[in-house]
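Some structures to go through are shown next.
Two complexes follow with chain A in common, the first pairing it with chain B and the second with chain C.
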Partner chain A sequence: MSFGPHLFLAVLEGTVTAFVLALTALGLSLVFGVMRIVNVAHGEFFMLGAVLAWYCSTLISGSPLLGFALALVVAPLLVGALALLTDWSVLKRVDYNPESTIVATIGLLYIVQQLVLTVFGPEARPVAAPVYFRVSFPWFGYSGYKLIVAGLSASLLLATWYALSRTRLGLYMRATQQDYEIAQAFGVPVRNVYATVFALGAMLAAVAGVLIVPVQQAHYLMGLDPLLLSFIVVIIGGLGSLKGTVVAAFVIGLSDGIVSVFFSPTLAKILATLLVAAVLVVRPGGLFGDNRA
Partner chain B sequence: MSAGRLRRILVLHLAIVGALFAVQFFLPDYHHTNVARILVLATFAIGYNLLFGYTGLMSLGHAMFFAAGMYACGLCIYYFNVGAPGGFALGVVAGGTLAAVFGLVALRTSGVSFLIVTMMFGQACYLTLLYFNEITLGDQGFTLSSNLDALHRAGAGLAYSDPDVKYNAAWLVFTGAFLVSALIAASPIGRVLIAVRGNEERTRLLGYNTFAYKWLALCLSGAIAGAAGAAYAVLFSYVGASFASILYSIYPLLWTLLGGAGTTLGPLLGTGIMFYLIDITSGWTNAYLFVVGGSLLALVLWFPQGVMGAVRARWARWLP
Partner chain C sequence: MKKREQQTTTRTADSFTLTRREALKSGLGLTAAAGAVGLAGGYLPGPLASSVYAQGSDQPIRIGFQVHRTGIGAVYGRWYERTSAAAAKYINSIGGIAGRPIEIVPEDDGTDPKRGAEVVEKLAVQHKVDFIYGPLFSHVVIGSAPRAGELKIPYFVVSEGYHVASGKLNRYVFQPGITDVRAQITSISSWVMDNLGKKVTMFFPDYAFGYDHRDYFSAEVVKKGGSIGELLAIPPTESSYTRYFPRIPADTEVLYHVMVGPGVLTFVKEMGEHFGSRRPQIFGFIDSLEGVDIATPGLDFLEGTHFWEAFPRYASNTDTRYSKAFREAVGVNASGASKQDPKDVATYSHMFGVWETLFVIKDAVEQSGYRSKKDYPALIETLEGFEWFNEGMAHPQGGKKFVGALHQCYGRQHISRVTGGKLDVVHTTAIEDGMYDAEGDYTKQSL
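Take a look at the complex of A and B:
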């Protein structure tokens, strides 16, 4: 294959990565934006989504489409429930202190990892794509499912944007983000907003996991890469800025896809981290973050 | 600080170092090796504690400094036969230099951004080790036993795998780091670091260059972690990329929290307790990550001060 089509393939791969990454990172960014905490177990919620999708696909072995649809409902609900439980039993008790939350979510990360390792096993397990067709370009055929992943992610991003800007819950979230105490004084149930946001963030990661598993296979360590990439994205975009998160997700997703196709996925992650260093030198608060400090 | 308190601190620390030297003559073989390993890992925790416990900067990427020391030492011995002391010195320099360069970038951020950035770079270092696999032999790891010349003492050659050499070398490295950390904690520099932890803004208002102090703490912390990594490579004769993984960034955090962050004795105590906790539970389950995760959750929820933190708060206010 000559350079042009090769680049086109890389850009396609990058776009799919970017959409899924935007979805995952948005969850992390939302939680940080509203609650001012970092969820280190975010990648594990992603992994749980993928693993639950595998269980759903074995439950309904006849039709991959039905299994996929079931996973899209079940995985976010179960992961959301786990997030609510975490919020209620741990985060609320440490009063959302940033450092304690980080230590607690690291603890959660290892507990979830070990749980999946014990129950699900150490091997990577494939899940069949719900639909199988190839989009044929003049130079190569491309998996149609990957394009569906990009489409579904885009609609979920739009839905999140709609929920944030047009619904009462979104209004509560933005109010809490801007000023926690004033919001409370105006009758916003801040604690419930916190719990909801934490669950929503986890659910976004879980959906991303469900979407990616037919492409990637389910494995108990698969949460690390999305966590690292999400971190890179939120730091480049500026902590707490949703717009920055989405923009940075596209920059990093595209470059990750392109470097992965031409060189190696590992090199892509190393370069992305160096890019973070460069951004921090120029703008310590990230591209769209608060740079007044 | 009053002369009386200073003398008490000095006596206590020398007594602990002396006791650690003396126990080697009583320990059974199995625990003899374990304690040597704990001493090296505790050195890593001491480095971590300088940054986290005293300066209040939580790092989630300290494995990179440990690995920098380990690989600088291990690779130079493996390829160039520099010998153990030379390799160790290189390890300390590598840990300190990486921390110095990293600090210039990472310390531009504060609060949770710093945490994320440390974790990110730690992971990037891990991936770098894997990426240059042909040089680092990262994913398989390598051993050093055939590359190390024996120590010559009183005419007899003593290998680094000899239990007594191992224990005493580990003890030396630990003692160095332990006394340095106690010295810093008791010195005016230590007071400024604690002030930064308490309130950076006010410390700056008092005229201290807080960036310089944080950077100094990070450099020292990285150099000590590098020393621990280098010592580990020489004494336990294995170098592998797994020592750069996130788990090895979380361990020093866990050890320090358990023993008591911001206490000189905490890192040793936490490392020892955690080591034996995992060792004992591994008898009936191999799910040691449950122990790690569960301990972290339990510490945050019910015991945030750690052992020595509680001891200091209740009985011994004079502990540094």
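Take a look at the complex of A and C:
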């Protein structure tokens, strides 16, 4: 394949990766930014979304589109409920202490993973795409559904941006993020905001899982990779910054797409990790984060 | 629960008024009988067998089972465990090993090399098992085998990697149940070159098992007058493959793929999206789709492509009675899936190795007169003296040559074509097709 089409494929791959990554990382970034805690089990919420999508697709056999629509409703609701339960039963009990929550969410990660292994099984199970068509370019073909995934991710990102900047909940969240005590003094129900943010973050991950599962397969270990990439994106973009998350996702997604097409995927991962190190040294708060600290 | 029932049987059997010497004698009698019947390619009839077992009861032979219950090998692990349970049940039904019941002691290694070495130690030291067997993934085998050598406990792997036959492990490690990957590749290479094409591009996982494929298949291609277009190593955690396809040279005639892990289905789907109808010939190792239903939506692209299989997944009218009995015993239907759940597809080209390995252990114990750990040297020398395993209930996949110096067995391989969402065998190799020059000799190492 000549250079032009090759580059085109690399950019296409990179863009799709970037949108999915942005959506996956967004939840982590919100939790990280507003609550100042690290949710190590974030990838498991993503995996649960994918696994629930598989169950939905088997419930409604025959019509992948209906199964997919059902999964888009059911998966975030169930995963959100699990997140609320976690918030109430674990995070609140350890008083959102950063170190304790890391340990607690590592525990949650293993519990979810092993439960899924026991109930769902060890195999990778495919879910049919809601719409399947092959976009045929003169040089190569590409999955039409992947382009739809990019489009849906973009609209979800817009919706989140709207919720953050134009609604009362968004205002509460931004206030809590800026100063927990002053927000409380102004009557912001910060504990409820915490619970909501944690659930919202989990729901975003679950939706990302539902979107991505027709491209990959539902598998009980699928949450580990997105978790690492999400951390990279959040660190580069800056804690709790929607803009930073999207920009960083594009930097990582496109560089990953291009470097791995022309060189090797391992080199792409090395570069991403180097970038994290560089950002931590130069701008410890991330590109768009709060760098006063 | 099964195990408990077994122990009860043992206890009842103990109450027979037989001396240990008599019991041992009848056990040896069984050995001779088993040898004779086994050579004739038959299997022991039930009633005779169970009566002998009742007399020859003794302490069970404890076999440690290192199993990939969790981690990326979990699909294989589950089927290995089912096959193992079925084999143990069958062996006990025909009188156990040398008249002693067999007891499997499973331990999960998480498909992790470090944990694997710990599991070997735990089985040997804490559980005090007689032998250890079972691991599949090559990195786990390579990580665990040295510990077995240090502890001097016979260690039977069912991994198909070339690491045993390469002579790089140690005298305690054997692979008597499944052909190694180098022999598999060598045996099918002529057919691929003659029937599919001579310009080959390869996809393989970026670690030991993939390198065996890369090295030995490309060597065979060059030796037989073909050429290699591109060698594409895929990181084991990869989840998207589209980016690799542009590197396939346009004049590629054959695409050779062998992938493992949860991403394999994506690999095949994305390959279909990339090529559409203008695809080269495609030859894959079934490892790419072990545990996956060939009729899965999105895999229609594979129609007309070819796969290597060790043991054909789909039942056919050419199946031997042993092959049928094995399928029945492990609870697999004619399409290669669990009888209970047709969505639960077996790892059929690998799991027979577990079954056959247990029977080799049985033969070795019986022929060497093994009683306890002090008899390890005799057992190992007996194993190294084996030359041939007859097709039969003990070796349902087929007869196998065994090379004692390499601790490795060699069996027939199959090439199947995807036809109507099923695999149809189109070619079966001869054992000699896979033979290569030996690179090591374990018998020269000290015990």
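The rule we apply is simple: the second predicted complex is superposed on the first by the 281 of 293 C-alpha atoms of A that agree within 3 Å, B and C clash if a C-alpha of one lies under 4 Å from a C-alpha of the other, contacts with A are read in each partner's own complex, and residues count from 1 in each chain.
Here, a residue touches a chain if its C-beta (ideal position, glycine included) is under 8 Å from a C-beta of that chain, and two chains touch if they have at least 3 such contacts.
Here the structure is a predicted model, which means the values were calculated and not measured.
After overlaying the two complexes on the shared chain, residue contacts for A:266 are found with chain B and with chain C alike. In the superposed model, A:131 makes contact with neither chain B nor chain C. In the superposition on chain A, A:159 makes contact with neither chain B nor chain C. Within the superposed three-chain model, A:73 lies out of touch with both chain B and chain C [touch as defined at top]. Residue contacts after overlaying the shared chain place A:32 against chain B, while chain C stays out of touching range.
Look at A:121: by the touch rule set out above, it reaches chain C but stays clear of chain B. In the superposed model, A:182 makes contact with neither chain B nor chain C. Shared interface residues of chain A, touching chain B in one complex and chain C in the other, are 114, 117, 266. Those residues of chain B lying in contact with chain A across their complex are 58, 60, 105-106, 108-113, 115-117, 119-121, 123-124, 127-128, 130-131, 246, 250, 253, 257, 287-290, 292-297, 299-301, 304. Those residues of chain A that touch chain C in the complex are listed here as 1, 5-6, 9-10, 13, 17, 114, 117, 121-126, 128, 132, 134, 136, 140-143, 215-217, 219-222, 225, 257, 260-261, 265-266.
Across the complex, chain B is touched by residues 32, 36-38, 40, 90, 93-94, 98-100, 102-104, 106-115, 117-118, 224, 228, 231-232, 234-235, 239, 264, 266-267, 269-270, 273-274, 276-277, 280-281, 284, 293 of chain A. Listing the residues of chain C that touch chain A in their complex gives 70-72, 74-75, 77-78, 235, 237-240, 242-243, 245-246, 250, 262-266, 269-270, 273-276, 291-292, 296-298, 343-345.
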